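Below you'll find the structures, each written out as structure tokens.
Common to both upcoming complexes is chain A, partnered first by chain B, then by chain C.
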Partner chain A sequence: MKKMLSNPALWRGVVSIAVFLVLWEIGARSKQWMAPEFFAPFKEFLGAMGFKKDYLPWIGAVPAPSAVLDSWTAVFVDASYWQSWYMSFFRVMSGFIAAMLIGIPFGLSLAMSRVAHGIGFPVFEVLRPIPPLAWVPASIIFWPTQETAIAFITFLGAFYTIVINVLGGARSIDVRYFQAARSMGSSRWDIFRRVILPGTLPSIVVGSAVGMGITWEVVVAAEMISGGGSQIGGTRGGGLGFFIWLSYVGGSYEQIVVGMISIGIAGFVSSELLRWGGRYATPWLKAR
Partner chain B sequence: MDAALRLGAADEAIAVLRETTPFGDASEALLARIAGIARRARYAAGARIYSADDAADDIFVVLSGRAEHVFKPEVGAREALRRVTRGGVFGWAGLLLGQTQRLATVTAIEPTEVLRIDTEALVGLLESEPLEGGHVMERFASMIQREFTLPALLAQVRRLSGPLTEEMSSLSLTLYRLSLWLRSPRPYLMLVGFALFLGFWYLAVEVWKLPRFREMPGLTNVVREWLSPSPTYGLSLYIAEYYQHIAMSVWRVAQGFFLATVLGVPVGLLLGWSRSFKEYVFPVFETLRPIPILAWVPLAIVMFIATESAVVYLAFLASFFATALNTMLGVESIDESYVRAANCLGADRWQVFRHVIIPGALPFIFTGLQISIGVSWFSLVAAEMVSGQYGLGYVIWTSYVMVRYPTIVIGMVTLGIVGYVTSALVRIAGDYLMEWRVRELALAER
Partner chain C sequence: MAESKITPKVIPGELAVQGVSKSYGAIHFRKEVVHDCSFTIERAKLTVMVGPSGCGKSTLIRLLAGFEQPSAGTVTLDGAPITGPDRDRLVLFQETALFPWMTTWDNILYGPRARGQLTKEALEFGEFLLVKVGLQDFRDKYPGQLSGGMQRRAELARAMINNPKVMILDEPFRGLDAMTKELMWEYYSRLYEENRRTNFFVTTDIDEAVFLADRVLVMSNIPTQVRAVIDVDLPRPRKLSDLVESDRANDIKKQALSILHAEAMRSFSRGSKAAADFVEAYLKRASRA
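Right after this comes the complex of A and B.
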């Protein structure tokens, strides 16, 4: 502990975040203490650039961190805020688990069988460049409920990454392992169980962690675009993306930032949990 | 009459060449040229065609009859005696590395007709077609080892000189690869895959009308709409507006990508290069990075009064993190002994930066750029859907709102194509620059 506190890197980090917050605070509050006359000389220029003419561009429009903190404490005791957390987590998890359940076997079968690769991979590669969010309308049309539609989009977000990583991982296994296993009389199942599965596990972990990040990206947008099941009423049940969108529509800009930070935390925590689980599943990597 | 006969003889020569192992899958044109330099010869039963240690001048292809091919004992072939019939090739010793004399004695045991091909003329011909020629030589090598059971050490064929590697035109290389690809099962499996996918789409939506699929736009609908000069829903290949949407999206991504590269690469280089800069900046960077780019959408709209710059900002932000992070990792991946070596040789800080850090990080930078163009499209679509006018994301969303379902699919497919093309361009640019770098490294390390 003492060693950690005497580490200059830690203090530099603290200083940098503090400076960042102070600058943000000053910038955001600038419109309160900077007289409008201050901007008079730049009026033409700011107007030409498309900015409001009486406060600092960009930062002037952002709510100050202190205001965000206030708004957060107010929201902290609100059940609907936590309901949003729960909804987003639920959607992310359902999409993500579906992507694992379908993506890992699909990737492994592409890697194991040349015929499956020949048939499946080109179609996969043609669909992959379409961003998951472009699927939103089609998904809403296809799936009976908004909930399944959003889960499908999050599924797509993680699916491509997981399949590509599984395939890449299986491809990069040293061919001598297969030869060794075969010369010792392994069956196809043994090779799968003892060579391919442990060989691809690290890339499955990496793919899942990346996929988890994408899933959070996608769920936010899907909730914003589709309205997050708003028919349930108010902010209740909308998810964090919808929380942000509602705050924007309602003009409470502090809450937008609260929502953004909440999603950042949620995404970070779930990726870290996954990495931690991955380290647990692949203990041999640590020894190297 | 005489000409016609010769033509018939050439056809016969081509036919027999196609039966041989080395020329079996050569192209018609090459076979015709080989037939052009071949001469016919006849041997009576019992006649000696050549003896071991004679000069190895011609290659023989048997047209009819039968000959006995006996290696001299020093050669060490597993089977010294071999009977050669139609389609058999012997007299290839001149093709072997460092071999100028016959390795065997060949005697006709029936009345035998052969084609004689001058070895040097054949090699010259093969060198003029380096791709196919190299392939023929490989097949000679495998025939000599497998059919004539010669030890591998001896059965090394001459290397074709000439433009094999250096100036091989990229077009002929591409065509050759294409012909190899067409001969493999892959293109046909691919067709099966697409047929399954498109067939299922067509059948499920338009023929069987499965529940849920019924509401989706059908394959023929989409294609008809896309190719129609007067589309029902107002957007097809023939409509100028379609290209305006594409151009708008590309222009936004281009701006965001350009800004992200111009800012992200230097920031990443500094992050990787200077420790104190990293310790001051990276914490803020890592605090902002987990926030999904798409969560920025409303704030971006508030920050940038014009929605246009808000959309570009979102495309920029996504690429910026990817570029900066990969560049930083690239700098950190550089072997420290390079920096030390440069320092030892008296390089100052700037020279180390210019000649070690930047080229060393280049592979990672390009990986980062490829990722960054992808995420930039990703966030652009969301931004265009939520706000903005024009652009492919906007097309997809408004088509949904206005119930123009086939146009949704047109938008999605176009987005996929345009996104793929832009990332392919970045990849090609990277490969091009890397090629130069790899060559330089190879030269430097020689």
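Right after this comes the complex of A and C.
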């Protein structure tokens, strides 16, 4: 703990965040002492140059961090806020875990079998460029509940990255490892278990980390578009994406920022969990 | 002696290469890397193959190990043709092929574990080898935590636990610094002198070849053939300091060098008239001297 406190990197981080918050606060409060007419000459100038007069963004329109904090303490005791957390986490995790369970074996079989690669890869490569969000309408039609539709879309977000990383990782295992294993009498199963699997593990970790990031992006957008699966939760518990959308519709700009920061924290926590798991699974990498 | 109880009996093998050719590429773009090559790797001897770099030595190793099949001719171990990789011919590669995800100890035990023969004897032998290669303090370290010399020694142990009939080493000490390299030469030759397996060692380094070998095979350029076989009749055990002063060793070195030099010049000049003239002049002068 003492060592952590004397670490300059920690203090640089603290200062960076503090300066950011102070500047934001000052900027947001500028509406108190700076009237919009203040910009009139500048707007005239822009108009003269042929731009629209109200083209200029103004930070005064953004809620101040202190106001956001107030709003946050208000929702902090509200169960529906935590229900939103739970719903988003649940969707991210179910989509992500499904992507791992299907993506890792699929990627490995593409890498190991020429037949599987020949059959599976072309379809995969055609579907891969379709952004997960383009699937939203189709999957709402296809899946019986909105919940499964959202989970499916988050699944897609992580699936492609995981498969591509597993495939690349398994293929880049040095041929010498296979030759050595075969010379020493390994069976095919033994080579899979003790060479291919651990050799691909670092790529699985990287693919999962990237996939996790995409999953959060996708789940928020999917919740906004689909109305947050209102069949099950109603206005309560539509997920963090729907929480933001609802705040926007309700005109509570502070709550929008609360929702944004919540997603930031949620994404950070899940990446950190994944990194921790990854380090645990690949002890030889940190040992260097 | 405790050692002989732990160490399984070594049965050295003899590898024979007869009229072997190997070419790569499609019909119209075929390139013959090895052409009608014949030699034997004699039983319980340390045979060293030297040749200019890129002369197809690694191709020969892949054939001997059974990773590839020759286009023509036969490769046999004790008279039986080689059909695929097997534990009786183990290869140490140019760069380390230790599994990075296994500790030293797990790497050494890879062979017995893969064959389901992780017996008490195998564990004892593994323990013995771990001490033999001086890595008992690095038992639970990963290869990434070992120095280059340690990695090579761990790999030697990983091969020896399988008790192969022939050990094949493909420029194993390349890339080590000069000091470590010389230590590894002495270490490796001591190891060989102790158990007299059939060893086949490939290198581009003449000093290495003469210090280690019972027999030196000097190779030609592509397509690879044996240019000369030199018996190195230096007494064992050998020490590097003795070798520097030995006239016999220097004679052998010169003999091998002149063959290699001519080969290297020929490959250097291929396709260039000026360089070919230069080589011709060099060869004339060499024959006059």
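Annotations
Keep this in mind: the second predicted complex is superposed on the first by the 255 of 288 C-alpha atoms of A that agree within 3 Å, B and C clash if a C-alpha of one lies under 4 Å from a C-alpha of the other, contacts with A are read in each partner's own complex, and residues count from 1 in each chain.
Going forward, a residue touches a chain if its C-beta (ideal position, glycine included) is under 8 Å from a C-beta of that chain, and two chains touch if they have at least 3 such contacts.
Note that the structure is predicted; figures quoted are calculated from it, not measured.
In the superposed pair of complexes, A:Ala221 makes contact with chain B only, with no contact to chain C.
When the shared chain is aligned, chain B comes close enough to touch A:Phe268, but chain C does not. When the two structures are aligned on the shared chain, A:Ala138 is found in touch with chain B, with no touch to chain C.
Of the two partners chain B and chain C, it is B that touches the larger number of chain A residues. When the two complexes are overlaid on their common chain A, residue A:Ile130 makes contact with chain B while staying clear of chain C. By the touch criterion defined above, A:Tyr248 reaches chain B but does not reach chain C. When the two complexes are overlaid on their common chain A, residue A:Asp190 makes contact with chain C while staying clear of chain B. Common to the chain B-facing and chain C-facing surfaces of chain A is no residue whatsoever. Residues 65, 67, 84-87, 89-91, 93, 95, 97, 99-102, 110-111, 114-115, 141-145, 158, 162 of chain C are the ones touching chain A in the complex.
Here chain A touches chain B in the complex through residues 8-9, 12-17, 20, 50-52, 58-59, 61-62, 115, 117-123, 126-138, 140-144, 213, 216-218, 220-221, 224-225, 240-241, 244-245, 247-248, 253, 256-257, 259-261, 263-265, 267-268, 271, going by the rule given at the top. Note for the complex: chain A touches chain C at residues 174, 176-177, 179-187, 190, 194-195, 198-199, 201, 282-285, 287-288. By the touch criterion stated above, chain B contacts chain A in their complex at residues 185-186, 188-190, 192-194, 196-197, 212-213, 215-216, 276, 279-284, 287-288, 290-299, 301-306, 309, 377-379, 381-382, 385-386, 392-393, 396-397, 399-400, 405, 408-409, 411-413, 415-417, 419-420, 423.
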